[in-house]
Structure formats: structure tokens, C-alpha cells
């Protein structure tokens, strides 16, 4: 078996008396799309936050690309190749689409203590940025101020920024949230095109998208991972049906 | 930069400032007033790097004016007038202090940051008040301005004016290049969306700290100039209210605009001069004016020149 | 829009440039603090200067007198800028005023460098009395150390063996403490230097003073801090128990307020000063009655010094018959101190600070029941300040 | 150093602390709930003192002066909130700092025009003007005891208000999650105005308590305002409990620094150096305290908002 890209072992996080993450174990292979689903309040956001580095777990370890990142700060995890999108779109709204992606390229490029040359005219930033925008289908919107994009386009842009950092793994927190059917379909296509080249941990409410994309699914209920398996296994799991599929959405 | 309205206005403004000594050849008072306005413009432009671009509301920026001015004052006290010694030392001390203060205060954010920068500045203020050797609050008299091996004579009002003018242009140019560089893009990103920046892999703290030090050094330069100009330094120059004035100049002129703080500093000083001549109760006009600027003139004077094209 | 402002500024400036340069008048610039809480001192000075001008019919040596008052806002930089304006734009012949040492030090070069006369109506920093003394600088007040030195003598005479000192931690405060230490022969058993100007609550210092059980407490708190201190001294139950000796703390500005809250503890307290409102000199009598008549209150020592300033300048202008170009003549005239002074006849030292007497004063009620100060006796006779010897002039 | 002196200085520190608390309580509420940096809070402190001085002058009674001064400051606070500050809630801190600084300038100058530059005094009735023997040989000014009593009563009152009443529930909710209050269907505007008025009255009360000690002066607000900000930042913005603890801490540390720092330093360094260093250090002490606290706890001691 190949070494997993992400390996989470015995993760626990509680707030006061409330246990938000309860002994969760998960692993994601380098070429796998692993989806995490669960009803509202299941602790998905808390879980993602711990992997991204915004929250420190109480106990448990997180291994990424072979090294222990449990105590690492967010930017360092990102530099190791862990890119993410947020549940609520997080972009630089006051600059252009291309500027947004160029910033991500710059993050990957690693030379940001350059004080003199104009960044906007730097082909080392702009060319890769345009290439990524083309890949996600936003190349016709390069010069639009990001805040003026439609919602779906903003999500695409966010994904573009994640891709532009040249990640080993994508951490996607509900990338389809708030999208129309057509936009969702485009996003699913986009993610499918990435599949195999990069590990993806996908948290998503849109079940059609999850079952279309995921290689494996983990079901989170009240902080516990109650089941992990391939889509058809999850679909047929009685416990999952009882706890989740029958009730939600 | 294409010549839009802002470009035209700023060019005309700079030409006016450049030609002023010729128009006012027998009015040294105005040359002095404009010299001071330019010096404070340099300080305001440096503060804008923090406020306008990096979202760091420093309420202690005047401390670097004090450091610069005190460097000149203390060297002069020991009768060392060589600017080639005074100035590098002043800039170096500004950098070190900014590095220390920045390293401490950048751990916090929001109002905590405002207060911690204020507190650190007040400590230096009280230090200045307490050192008898250097005049305590009476400060130091700087009777001899910095000497540059006969290359330029700062005692000569008009020559000094152009030295200040040169440094103002240089500062604007540096800040312009800086804010558009890779480094500047990151600092501005921190204002726009720090969470995203961190998620992309930028350790924001380092970039902010670097910006903090650069701003401190530029403001230290303003302090070197101000000490020379005023022929005097005392702790008042570092008091938090002076930092507040600098903030006001930046906001009045336009946060995050290249020339805004220059306009802000000029309008602030002229207004202070004109209003205080009008009535001793001038603050009853000035106070509501401040409020009006905040409420009705978002983006400051710069916004009157049309939509920002600085990006 | 901004350009128009600049343009207008230039036009105004040009016009102003055209209107200067006519000399049928004596032009005097007067810099003091008219805003901020310290503005109350500035008001007293301005009132006294106006009174003085009225008393001489606004004429000196046949010339009309024109005065321009400027507010320094209690800030050295602003003080310098206003001084620059007076010297460079208004082209005044004399610049006078200055309450604060730091404002005076910052403004000094602007005046002296331009070859004009600078007359301090109050501030007396040691630098200007010593190393930085200047032929065109004159004081109508005193050097900071002198008044507390007189107090030190008073303490010796009254048999004070142990003294507790409380003063603000700024240059003048330290000067006062240094001054009293220079002449006081007993032991200083405690010393608190408080935060200036923000600290107005002295509970901790008063508790320490009480615990130290001194023969006397010496303080220096000009302006509002003085009122606060005196009040708290009484509230803490120290008045009447430990005698209070002060300099520049109890004056005609603070006494009406003390009287209003019936701060009886201040009655009979001692201070030293070069002057008192009841001083028996013709000029002082004329000044005090004129001031009381015009403004309905006792003048402070700030006012007295300012009143003297008018007559000092007048003596200079008259000596040269209005020839304001004759700097040497005016300087020589002023150095003689040949004018009616509220303090009576006195001489100038070589540093152009007055060589004068210092009195012990006591708070008393006048015949109308108004609280004021009265001179009791001369403590220092023809006193020369400590720094005069450093003056190379 | 004797125990009596230590006791007296502790009381002095306490008294300064509760005075700061009166000022800081309103400031931290307004800050925590409305997210408004209100520099003009000091102007309300000044206004309270001037009102009290004027009413005391008219009625010859300090008590009536306070009783009239409180509603006057409350009304002034409400007026200021409705006219100027309301529009500032949505703005960033920088705008708020500047606009409220403008309000300070305006009120200072207005006070100068109305009351003149020399300030006012507040005479105390004889029973408050003296001092009492609290322990054998230890005398303490009666009025300072009153300040401590008033401050502690207000603290207790605020505790009951915040912990036990519906308004208090809303205040707590507002401090930890502003949007929630709106979601509860409360008239948020009213609530904000009310809280601001309360804070104003408390600031005014602080001014009335300080007035008889330090005299009533223009600009008295700014000096203590910075200290009040230090207090709420140390305590954690929005936390009444934090403000109380921090106020006492600041009061005690400031007083103890002024009292004993010179002795302490004289043990370590030469007498002369100690005499120079002690006042400088004691002036910086509260700032050192704040920087230290924020260094280890960047959100203050009792931050109501997690994370």
C-alpha cells in the first residue's frame, strides 16, 4: 500500500463540555478524493479547521506528506502543499481575478521579500496565473475586480488560487455551497479533471456531487466518524442511513 | 501611470511646491511652514504604509520622529555635527526600535494593537522626560544643523527646503515601488484578507514586521529632518497626541493612496495655522471638521480626485 | 480644489509681502499660551500687557505700538512656528512673552538668529542664563533656581531640620528641587517626583510624606495641579500639622478658587517670590490698582513680569528716540534697567537676568476679605543667579 | 515602611482603581457591544464634573449637584450617541478614533467658552471634607472612602444588572456575539442608546468623584482616558469583570509604584540613579503592565470572545 498523503489519528477537540471532534481517524491517499459528510453540527468545520491549522487539537496527530504537522502553523502547512478553500468564499475582493491567482503563484514561488520590481509585470507570476485561470475556465474574466464576480465564479476563483499554489492536497470546505445546478455541474467537472493528480479532502452537502466524485466517504456524526468506505458501501450502510441520509437535506 | 485627473493635480502640486521658494523669495516664514509640512508629509507617507496598506493602526508612530530628532540633538549636544554620522545612526536606531516594538505589538491585533503601540511609544516619551542629561522635557537645543562636508548647507533655508523636497519625492517613490512589489502585494493582501493570505502559505507576521520597520526608518528620516528644521527636540514630539495627528493627516488625505498623506499633511498644517490665527477657539471649528471628514468624505481628499487608480 | 487653495495662499502671501516694511511703529510680538488649560496664565499675561500699553498711551518714543499676540498651544514646535511668523513675516522689533522653558528654548534661535530682541516675561531656563546667554536676550522674571533658593533660606531661618519634597518630574520641577537643595541646610528625608502634567492625584505621595514625619513639606505645582495638591493636603488632614512651603503654586490665579471652597489650610502658608501684590513700590501700586480696576481681580506674578516687559521695551525705544535700527543703543538702554519696575529699582546681571530681591510671602486676607499674598520680609538681597558665571558675555 | 503606610497605600490604590472602573465600565461595554472606540468617553467624564460643579454652585450642595449631574450626563451621552456616534458603528476603528477625537476638541473648546479657561472647584460639605481614623493612628480622607464605597456599589449594581436581568442578558449576548442580539428581535438601536447612556452616566459619576479632589478642568478627560483604555485592554474588551479586575490592578500597581519603587530601586542601584529612575519607571509602570499582559494574552485577561 502506498503511503497516504494525509493521515489523521485519534483526533480529539472539545470546547468546554462540548466534544466537537471525537477520536477521528482518517487517511487520504495521494490520488484519492475522500469526502467527509455529515449532518449540520456534526463537527465538519471544526475538523477541517484542525487539519488546516486554524485550531489546535486536544489530542491526536495529523501527518501530512510524511511529516507530523499537528503543531505547525497554518502558513507552514500551506507551504508543505496543503491548499484549501473556505466554506465562505475567501478571496481578495478589491483586486483583479488575475491578481488573486498571481498572489497564490507568488506564495508557491516563495520569493516575496522582493521590494523593488513591480509584481504586476512579473511574468514569473502572471503567466502561471493565466494558465491556472484558463484551467478553471475563468480566463475571460482576468481583469475583473474579484469582488464583482458572480458567486459561482468566486468559488471557481478560490479553487484556482488553491491550485496555483501547486498543492499536494486540496482541502475543500463545501465548494458547491450556494451554487445553482449548472454552476455545481461545472465545479464537479473541474474537480473531476483534477482527480488523480492531487489528493482531495472534500467536505460537501451536495450528495450528488459527493457520490459523483468521491473514492471514499467518511460520515461524521456528532464529532464521531461512524463509517468510512466506498460510496456504495456508505449508501448501503444501515447506521449511516439511520443517522444521516434519511433525515438531512 | 497615465495622466488622469489625480496625476495632473499631483504634478501641478509638486511643481508648485518645487517653485515655491522662487515665488516666496522674501517670505522665509512660508518657506519654513512648507518645509515643516513636507517633513510631516514624509512621516505621514510612512505611516500610510502601515495604516493604508498593511492595516496596522499604529498609535505610536511619532516615536520615530522623536528618535530621529533626538539623534541629531544628542550628537549636537556632544558637538558632533557630521550628518554622515548622525543620519545613519538615527536611521539604524529607528530600525532597531521599530523591530523591537513591531515584534511585540504585531502579536496582537485590532484595538489591542492600537493600545500596545501607544503604550510602547509612551514608554519612550517618559524615558525622554526623565533623562536630565538631555534636558528632560525642556529638550535639547540644536544650534548647529547637520553638516555634510560642505556639500550642502542646511542652515540655508532654501537649500534645506530642497533637501526636504528631495527626500519627500524619494519617499513617495520608494513607497510607490514598495507597495507594488511582491512584498507590497503581500502587505496589501494582509489588509484585504489576512486569513486567505495565511492559507496561501504566507507567514503574515514577517511581512508586517518588515513593513513596520521600513515605515519606522522612513519616519526616523522625517525626525532627522524635523530636529534640524526646528533646531530643537523634546519629548513632546513623541507624545501619543502627535501620533494621533499623524493618523489624522493620513486619513484626511486618503488611506492607502500614494499622495493622499502629503495632501493631508499640508491641509492639516495650513488649516491649523489659518484657524489658530482666526480665533483662539479654533478647535471648536476643527473638531467638527474632523467629524465631517470622517462622516462625509470617505477616502479623504484623495477621493475628491476621482476613483483610485493606484492599484 | 486644492490647487485653488494653494493659489489663493500664494496671492495672500504676495500681498502680505507688499504690506510689510514700513516703520512708523514699534512692532512687538507676544507669544504665550492662550489655549489649553494653561491658557489661564496666558490670559493674565495678555491682560497685563494690554494694561501696560494703555498706561503709556500705546506710544513709545513717539512711535505707535503694535502688538501681535500668538498662541503657542503649550507646544515647542508651534511656539517656534509662531515666533518664525512674527520675526519673518510680521518683521517685529521685539519678541516677548513665553511661559514655558521648552517653548522659549525652541523659539530662541528664530529670534536671536534674526538679530531681534527676545524678552522672556516668565520662562527662565538655566541654559539661557548660562551657556546660551545672548546679548539680545533679556528677562523680566527670574532664573528658575532663584525662587526655591530663597525658600531654602527661609527653611533654614525657620529651623526646619527635615524636609519632604514633592514636585513634578519635569525640567522646571527638577530645577526647583535643585534650587532648594542648594541653600537648605537640613536633611531632605523624602522626595517624590510625580508624573507631569497628567498626575493630579497625590494620595500616595501625601501618605508617604505623613509617614516620614518631616518638619516641613516643600512643593512646586504651577497651574491646576497646585489647586489639586493644596486641596488634597487639607483633605488628608496635613494642613496645620506639617507646615507647607511652596513656590509658584499659590498665586492670584489659584487663590480665588481656594477661597471659594474655603480651603482654610492655605491661609498663612509660606512661599517665596520676587514680588507680591502689596509690595510698596510706586510702579507696583499703580499696576495692582490698575489691574484690579480693569479686570476685577488680583494680578498674578506672571502679570507683574509682563507689565514690566512693556516698560523695559519702552525704555529701549525712548533711549534711541524711536530709531529702531539702533540695536546697540536699545541694548545698552535695556541693560541699564532704567525703567519703573514693579519690583522697584534693580540691575541686570551680565546674563541679562534681573539681580533682585526675593521675599517671603504669606497668604492673607485683604481689607475686603479677598485672599491674597503679602510680602513679609526680604530673604535674598540683590541675588545673582547661579548660572550667570557660565555666561561668556 | 510600616504596615499603616502599606494599608493606606492599598486604600489609595483601591480608590484609584474603583475610579478607573467607573470610567472603564462604560467604555468596555460600548466597545464590546457596539464595537465603537470612543475617545470622547473622557469628554463625558469632564462633562459630569462640570455639571456637578455648576449644580453644586447653584444649590450649595454637593449631593444635589451629583443627583442633578447624573441625569444631565446621561442625557448628554444619549444626545451624543444619537447625533454623532450612531453612524460610526459600521465604520472601522480608525474612523471612530478620528471622529471621537473631533468630539473631544469640540467639547473642550465648548467648555472653555461656557466655563472659562480656569476651571471650577467643587466644594465638599464639611462631613466629607475631613478625614477619619480607620485604625489607631491611621487617618484617611472621608471623601476617598466615599469614592471606594460608590465604586464598589456600582460594581455590585453592574454585576446584578449584567448577571440577573434581561438587559444584562442582552448585554452579555451582545458582548460575545453582536449579531445575535439583532437576531433576538430586540430593538438594537434602543439598546445601544441605552447602554451608551449608562456608560456616559458612569463616566460622569467618575468625573464627579474626581472633581472635588483634582478640581474640574478642561482636558481632564484625556489624561485619564488613556488609563481607562489600558484598563479595558488588560481586562479584555467587553468584559465588565475584566474591567473591574484590571482597574484595581492598574490602580494598585500605579499607587504602589509611586509609593515604594524608589525604596526598591535604592536597594538595587545607587541613590542618585534610583532618584532619576524611579519616577520614570513608575510613570511607565502601567504601560509595562499592559504590554506584559498583552504579550502573554493578546486578548486581555478576560476576553469574552473566544479565539
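Per-chain residue numbering starts at 1, and chain names A, B, C and D are given in the order in which the chains are listed.
By our rule, a residue touches a chain if its C-beta (ideal position, glycine included) is under 8 Å from a C-beta of that chain, and two chains touch if they have at least 3 such contacts.
The structure presented is a predicted model; accordingly, all values stated were derived computationally and were not measured.
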Pair of chains joined by more contacts [C-beta pairs], A-B or B-D: B-D
Intercentroid distance (Cα basis), chain D paired with chain B, Å: 32
Averaged-CA centre spacing for the pair chain B and chain A, given as whole angstrom: 43
Distance between chain centroids, defined by C-alpha means - chain C, chain D (Å): 35
For chain A paired with chain C, centre-to-centre distance based on mean C-alpha positions, whole Å: 73
Residues of chain C engaged with two or more neighbouring chains: 35, 39, 169, 195
Chain B residues counted as touching two or more neighbouring chains: 126, 129-130, 132, 282-283
Interchain contacts, given as pairs of chains that touch: A-B, B-C, B-D, C-D
Contacting residues of chain B [partner chain D, same complex]: 51, 57, 104, 107-112, 114-116, 118-120, 122-123, 126-127, 129-132, 240, 244, 247-248, 251, 255, 281-284, 286-291, 293-295
Residues of chain A defined as touching chain B within the complex: 52, 73-76, 78-79, 83-84, 86, 90-95, 99, 102-104, 106-108, 111-120, 122, 125, 161, 165
Touching residues (chain side chain C, partner chain D) in the complex: 35-37, 39-40, 43, 169, 191-195, 198, 200-201, 203-205, 207-208, 211, 224, 227-228, 231-232, 234-237, 253, 257, 260-262
Residue ranges of chain B in contact with chain C within the complex: 9, 12-13, 16, 20, 23-24, 26-30, 32-33, 36, 126, 129-130, 132, 135-139, 141, 143, 230-232, 234, 236-237, 263, 267, 270, 273, 276, 280, 282-283, 301, 304
Interface residues, chain D side, partner chain B - complex: 31, 37, 84, 87-88, 91, 93-95, 97-99, 101-110, 112-113, 226, 229-230, 233, 237, 276-277, 279-280, 283-284, 287-288, 290-291, 294-295, 298-300
